[in-house]
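In this document, chain identifiers A, B, C and D correspond to the written order of the chains, with residue numbering beginning at 1 in each.
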Amino acid sequence: MSGVNVINRERNLIVNPLKTCQPLGAMYAVIGVSRGIPMVHGSQGCSSFVRYHLARHFREPVEIAVSSLHEAAAVFGGRKNINSGIKNIAIRYKPDLIGAITTCSSEIIGDDVFGFVDTTNKELAELSKEKQEYAGVEKVKVVPIPTPSFVGTHYSGYGVAVNSIIQTVTEINDEENGKVNIIPGLLNPGDVKELKHILNSLNVGHIMLTDVSDAFDGPLRPSIQETPFYPKGGVTVDEIKNASSSSGTISICKYASQGAKTLESTHNVPAITDDLAPIGIKGTDQFLRNIQVLTDCEVPEKLLDERGLTLDMMADVSARYLHGRKVAIFGDPSLTTGLARLISELSMEVVMVCSGADEKSFPEDMELVAKESGQNIDVLQEQDLRAVEVYVKENDIDILIGNSDARFISYDTGIPLIRFGYPVYDRVGYHSQPILGYRGAKRMTELITNAVLEKYYEEKHWKLQQ
Amino acid sequence: MSGVNVINRERNLIVNPLKTCQPLGAMYAVIGVSRGIPMVHGSQGCSSFVRYHLARHFREPVEIAVSSLHEAAAVFGGRKNINSGIKNIAIRYKPDLIGAITTCSSEIIGDDVFGFVDTTNKELAELSKEKQEYAGVEKVKVVPIPTPSFVGTHYSGYGVAVNSIIQTVTEINDEENGKVNIIPGLLNPGDVKELKHILNSLNVGHIMLTDVSDAFDGPLRPSIQETPFYPKGGVTVDEIKNASSSSGTISICKYASQGAKTLESTHNVPAITDDLAPIGIKGTDQFLRNIQVLTDCEVPEKLLDERGLTLDMMADVSARYLHGRKVAIFGDPSLTTGLARLISELSMEVVMVCSGADEKSFPEDMELVAKESGQNIDVLQEQDLRAVEVYVKENDIDILIGNSDARFISYDTGIPLIRFGYPVYDRVGYHSQPILGYRGAKRMTELITNAVLEKYYEEKHWKLQQ
Amino acid sequence: MPFKLFDVDKEIPEREKHVYVKHCGDSDTEMDCNKSTVPGCMSERGCVYAGSKGVITGAIKDVVHVVHSPVGCTTYGGGAKRYPSRPNMPDGTTFPVENFNLKYVCGTDLKESDVVFGGMKKLKQSVQEAYKEFPFTTAIYCHATCTTGLIGDDIDAVCKELTEELGIDVIAYNTPGFAGPSQSKGHHITNDTMFDQLVGSKEPPKTTDYDICLIGEYNIDGDLWVLEKYLNEMGINILSRFSGDSTHNEICYMHKSKLNLVRCQRSATYIAELIEEKYGTPYINVDFFSTEYCADNLRMIGKYFNLEEEAEKVIEKYHGEVKEELEFYKEKLSGKKVYIFSGGPKSWHLSIPLEKELGMDVTAVASQFEHEGGYKKMKERVKEGATIVDDPNSLELEEMIKTDRPDIILAGIKEKYLAYKYGVPSIMIHSYENGPYIGFEGFLNLAKDLYANIYNPIWDLLEFDSFPQKESAKDGQNEKVDKELMEAGK
Amino acid sequence: MPFKLFDVDKEIPEREKHVYVKHCGDSDTEMDCNKSTVPGCMSERGCVYAGSKGVITGAIKDVVHVVHSPVGCTTYGGGAKRYPSRPNMPDGTTFPVENFNLKYVCGTDLKESDVVFGGMKKLKQSVQEAYKEFPFTTAIYCHATCTTGLIGDDIDAVCKELTEELGIDVIAYNTPGFAGPSQSKGHHITNDTMFDQLVGSKEPPKTTDYDICLIGEYNIDGDLWVLEKYLNEMGINILSRFSGDSTHNEICYMHKSKLNLVRCQRSATYIAELIEEKYGTPYINVDFFSTEYCADNLRMIGKYFNLEEEAEKVIEKYHGEVKEELEFYKEKLSGKKVYIFSGGPKSWHLSIPLEKELGMDVTAVASQFEHEGGYKKMKERVKEGATIVDDPNSLELEEMIKTDRPDIILAGIKEKYLAYKYGVPSIMIHSYENGPYIGFEGFLNLAKDLYANIYNPIWDLLEFDSFPQKESAKDGQNEKVDKELMEAGK
């Protein structure tokens, strides 16, 4: 009975994509490095579109440099653009790390970003000797990140970038540090903070590869804001170097696991990459067990109480208000599967899930969720928001969970849209709150229940009187 | 120009009250004591109405005993009811504290609760000697709490109860404990937790007089749930005994300050009772300064960052979405004034505030808020929800902030209602999240902004695209 | 022998006679009931005033209530119950405010000086103000409370005076909270008051040969509307509702019905008997909970009015709509242990249906305020060994949960969250979760709620399981973690 | 001398000629502009494709866009701009989907194999599918991007073929992102394409003597609707909008207008000139930002059509509505330092109005993509000592903020949050905050937004003030805290 029905896109045409191209994911990853600067090797749009896209979701500065690839480079190659771009940044910003991120155009013209970066590194070393004010520029870690836009999605681009950073920066080290490496995936700051909160509660040190939690959700404190502008926080280059000495690496999102495997094969750091994201009770339990496996830690009462508080709210609302309501979820393949599991734990029916990416794990993980919860689930694989729209209009759906681009579907159908994923720009505060962990499950339960109460109970308002 | 216009109720009739009677506040306070049991001395309704009322707000068990006052007691007095009721509880529950709470009926029939409790204490001492299984019952602190329903409101009843507990339990002690006593007022668990979070961040110990944060928001953990049922947490009787040795007492809500003054006059513990509640930036800043004054602590970066994160969100949304929108707030007199200040900080216009209580400080504090922000504010003093309804229908209001009882006003007018205060029963999760402190200000800003976006921007949805 | 003293009650042995374990050889033993609660207990009971305002009068859609009390009783009397109403009036007009009964409650907000000097003047002014505030109201009901009972305000006199002055009925309900052991006394007083002052005081705009009164049906979560639909489709006209979705005038018309149906036989048999006595209108006790009772009772009514065929049609239609789904739920619910902790009669209404139609195992029933007759019915309807409790308190419930581990408890909001803390689901049987619960579709709703609660996935998630072989991980040869263990940990 | 090399630019001296400090004795100096950005800078500029899809074509309400690209360009091309549209069509019918232009974007989602083997087949299929998906579309626009430019897909050929096959216009826009230094090149290409392929290809259903084209007005946040209201009330008919709230066919009718008004003179003068050249239709540059420019330009249009009186009426009415409020804001805004960092011409449109009508002090203006003419106008319109920047980058903005401390910055979303971090308010001048900003009421909206942002209470709350005499508390005689200090601390 239970299982999934995988529905692939039949059109060539993509209408209202649920994905974007690899470079965005790469820039996201680089911004999570302390004093890290992404430089995209492409035309102006490759930086300005992404800056716009990220800024409207996070409402934070998003500083991305561009190599300014134009006709000349198309003809003669972009070596000069990369080299002078990196030097410009290295000298003017004095960063700790620069990500040199390729695009469709730079890949098509055949630019060898690895070679160019080698050259640039040498030039930086020379510069460092040349002038006293350039001293130290040779220490800037320049990470070549090959992310052609016509391959994969922003999800895979993120995975590529984290892996590139690990490959370029991590050093051989024999001393164990007792920490756990976490590769978060394209998480919101609130989620990364929640992971850190869990690790801190477990008293387990961590290296977050990478950490956007402050960069994309930073305090407004002009009196201590330095120039050039760098966002607060991020994982330091020294921490990344030391990731080889950790007790293990957990990849939260499946598309982000490449770096974990690199650490395992190169530095013998065990990789845990097969579990669903720690969303909901089961998912978070498994995450805690994974940490226990790697570090042999105890789960403190504080976390068990957080777990209990979430269950307490679930008990209050799930059978009473949520049971059997039909839900459609769309977005990040790894977060969608995790969230589908939470929705099942809330006694709701996951009718359809959709991801714009072509992640093999997506239907597989949904199969697990379907089996666990005894449901039949339509899985729209590598589909778009138009497919979601058509599905929602043709099927019986009570709740939509997805990004702000779906707001028109909600306006047209009257079905409430719980904002989730990326981008969310028509509501505020979402990115700084978690959906991961026990507390994230509580927040999602709250959001969903309140939407249900507003939409489905106000017409029979006496039911709200208890 | 700026100032307040105080408008008192002109009717004798009260229509849809924004207050209830003293005993509820007293029960609330007693439930905040670890292993504390409220016993209301009145008829069945005096317990069952309150249990219902609190349970539907918190969605938690609310255990309140009743002395079962009936015709016989009305004629012959309620001594037997109190005495046997207390003994029943003392023996069957083995609590640490019992609050003997009077009502209209018990006060009118002239019951001397103080005298009855004295007698009962003696009887408990005898019982303790009599039978081995009763050993220790004499240690139960029985606190007489005189809260006639025809005097004051549930706010003043809370103040009376906290003061009675302090008077009955606190002991003389010369050694300083370096802690700060906090009398929270009728706060939600989320708010009490936020106060504790601030104090912990400041590395300042505290005694919460009393602490409902776990009792009214407890984890679901059946495997460790003991019988008889006591909620988790609460301030212990030992802590209350020791409140005399603290560096100072801060009363968050004005109606709760009596106990702080008792500690000052009896035990020379400095009392800070004159400030607005720590809601919004200014209010929380002042709370931190008050702690600094009492304990000479440093404000850590962590709290300054929380402050900065709140400001960051305020910067993102206030001028852009909120500026000049007209707000009406009603509820707890001390929380309403604090919230009005936050609303002003958000660049919104506080048009009207209303409290059902007759708290002198309410118009005074609103005068301060009006002056600070250069506004004219209508202050409905000792009014009711019908007055709010009429006001809202006759004036131009964009946002309502108040309890769930006002939902019909929202349905009728289409003006969004931000749930705030007590009771909130038609939405979930509110009581476990703060409005106090920097993080509470962030949450309120989020709730208000999202309501504004939904109500006032979706019709011009392109404005949401940034 | 059949009485039971809970362990937690050993200090209050008077509770023994309130708790009975069904023993077939002993059906005549009378339990103690309708007595004052033992002081110091966490009882679920409400007061006399609650029985009047909270149950009967508050369901009427077109009256203003002035609660003569310090503020608390007014606050608690407002908007708390789930009895919706529609604005249609018996004369075909529309009442100007929808769900007026849910939206407003008024009171006199008595202060210390009123207690000292008396509150009658304030009551009078307040009623006048209430009429000014809501001039479209059909009547005004004044409620006495503990305070006004004790200070001796003559609210009858005030109401009489105001009735003349305002030209609308101003009715006094003398229901001080302390005036009886539970809300049940409030039901009784209100029945009497309405009979004495209202019934027969007005004539209905028209009557038919199929007029009935539906008595003791308060339209909790729309129950009445379900029954109204069935009866209307049979050709029967509800002349008067007592008192769900009712109007003040309908109560006055009750003497003109051809047959009175008594639905809640605890709170409303009083008025049916009084009407029969004075006006000769017969009444029958009816039961619409579950498909079988509902069908039986519709047939009985059909027979009375010679509408047997119509009854069969209604039964066929509505029973047919739920049959199949109920089979699914019966399968799922079979053998599940259930407690019924109702206010009054639902403990005996529901015990057989839950067993027979849903296959459940009713191991305990309890009531806040039943009288002898009700407990007798419970005894008849539960099976050997089931526990019957009058006015249960929290410690008793805790003991039952610990020793008997029910799968679900039907109770009120006060027991609900307590049950949760012990890992036991609970649904609200007084006000319902996703009701209505009456009639064919209502029984399906109840079955659904039972299912959703018992099979709620959270009950399988209550405890965190640490990785079981965690300890052994230390013994692994590899300093890093053993891969196999990691696999096993997933 | 008048050029300025920012301290942060000392390693990229080529930036010197892009930054000019106004010096009255030196008005002829030509700044560098419209050149490729220095690699490694955080520039605000967009690409050529953005100038076409994001500015001009995307505002048209009844066409489907097929972006021929790997997914990113499609994603970024969707729903990002604030140009609302109404569903009314020139022939009086209603377009079936409201805000169709905001709701949908299509693309070919190119993969590696397409890059290797070419994407023309995929484009063709995609356009066919797009027409199937949205059969009510008036036309389909295909956009080239970097990828398709570099792999050499002949999208003109594909579109030509499809136009015949489908029977609707399928138009190719050859705008690969890299094909010019900024979005400005995209404007140019799109003007040319539309002129070549659309203008004159269809005839309007009817014409009047007062027909105009409103060119270079994209209806950002409703700007166009404000102007449309004014013009309609004067008796002038907008035959064709280029391109806010426009339709595909309207663009085809442009040759039939009596007068062309060019609002955005950076992005749309091209087509006005081409039309004048080919069809002889005159065009005039218009400026409706601020009350004075708006009034002047309405008068000019009135004069052209002999509708002077009508123009005066409109001016009186709408200017009158905002005059008083603007006085209030002028008082509040007087002396406040403001930067205008616009995409193109708003830097010169707004500089005099902000100073003259709101009393502000414009100390810097900048543009992402202006050309010589625009910078000349800026030089004329800013005052001595003001800084003019072409294609500013983040470090330059940071330096300006640090050294000059403006009170507010009018800029885009990319500068906005950066300015915040330094405690400087910023409002979005490309897409607006609470627009429209054009015309009389629009200028009031702008003034309100300036006021709300500059006077936002949070700017006074940025820093936590510890209790100042905290240290001295230790010295108090009392071990407990000194009461006076506590008072002072409040």
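Here is the rule we use: a residue touches a chain if its C-beta (ideal position, glycine included) is under 8 Å from a C-beta of that chain, and two chains touch if they have at least 3 such contacts.
Just so we're on the same page, UniProt names per chain: A, B = Nitrogenase molybdenum-iron protein beta chain; C, D = Nitrogenase protein alpha chain.
Source: prediction; values computed, not measured.
Contact with both chain B and chain D is made by A. Across the two candidate interfaces, B-C and A-C, the one carrying more C-beta contacts is B-C.
The distance from the centre of chain C to the centre of chain D, with each centre set as the mean of the Cα atoms, comes to 64 Å. One simple way to say how far apart two chains are is to compare their mean CA positions; for chain A and chain D this gives 31 Å.
For this pair, chain A with chain C, the centres built from the Cα atoms lie 51 Å apart. Contacts with at least two other chains are made by residues 56, 59-60, 218, 220-221, 304, 307, 311-312, 315-316, 408, 461, 465-466 of chain A. Touching of two or more other chains is recorded for residues 79-80, 99, 102, 413, 417, 420, 462 of chain C. Contact annotation for chain pairs lists A-B, A-C, A-D, B-C, B-D, with touch applied as defined. Those residues of chain D that touch chain A in the shared complex are 8, 11-12, 36-50, 66, 69-76, 78-80, 99, 102-112, 114-115, 122, 125-126, 129-130, 133, 145-147, 149-151, 176-183, 394-395, 398-399, 402, 412-414, 416-418, 420-423, 462-463.
Those residues of chain B that touch chain C in the complex are listed here as 11-17, 19-21, 23-24, 39, 42-53, 55-56, 59-71, 73-74, 80-82, 84-89, 91-93, 103-105, 108-109, 148-151, 153-154, 218, 220-223, 225, 227-229, 386, 405, 408.
Touching chain A in their complex are the following residues of chain C: 79-84, 99, 102, 221-222, 413, 417, 420, 425, 427-428, 431, 433-435, 448-449, 452-453, 455-458, 461-462, 464-467, 470, 473-474, 479-481, 483, 485-486, 489-490. Here chain B touches chain D in the complex through residues 176, 247-248, 268-270, 272, 274-275, 281-282, 285-286, 288-290, 292-294, 296, 299, 304, 307, 311-312, 314-316, 318-320, 323-324, 344-347, 373, 460-463, 465-466, going by the rule given at the top. Taken in their complex, chain B has these residues touching chain A: 56, 59-60, 217-221, 232, 304-309, 311-313, 315-317, 404, 407-408, 411, 425-429, 432, 442-443, 445-446, 449-450, 453, 457-458, 461, 464-466.
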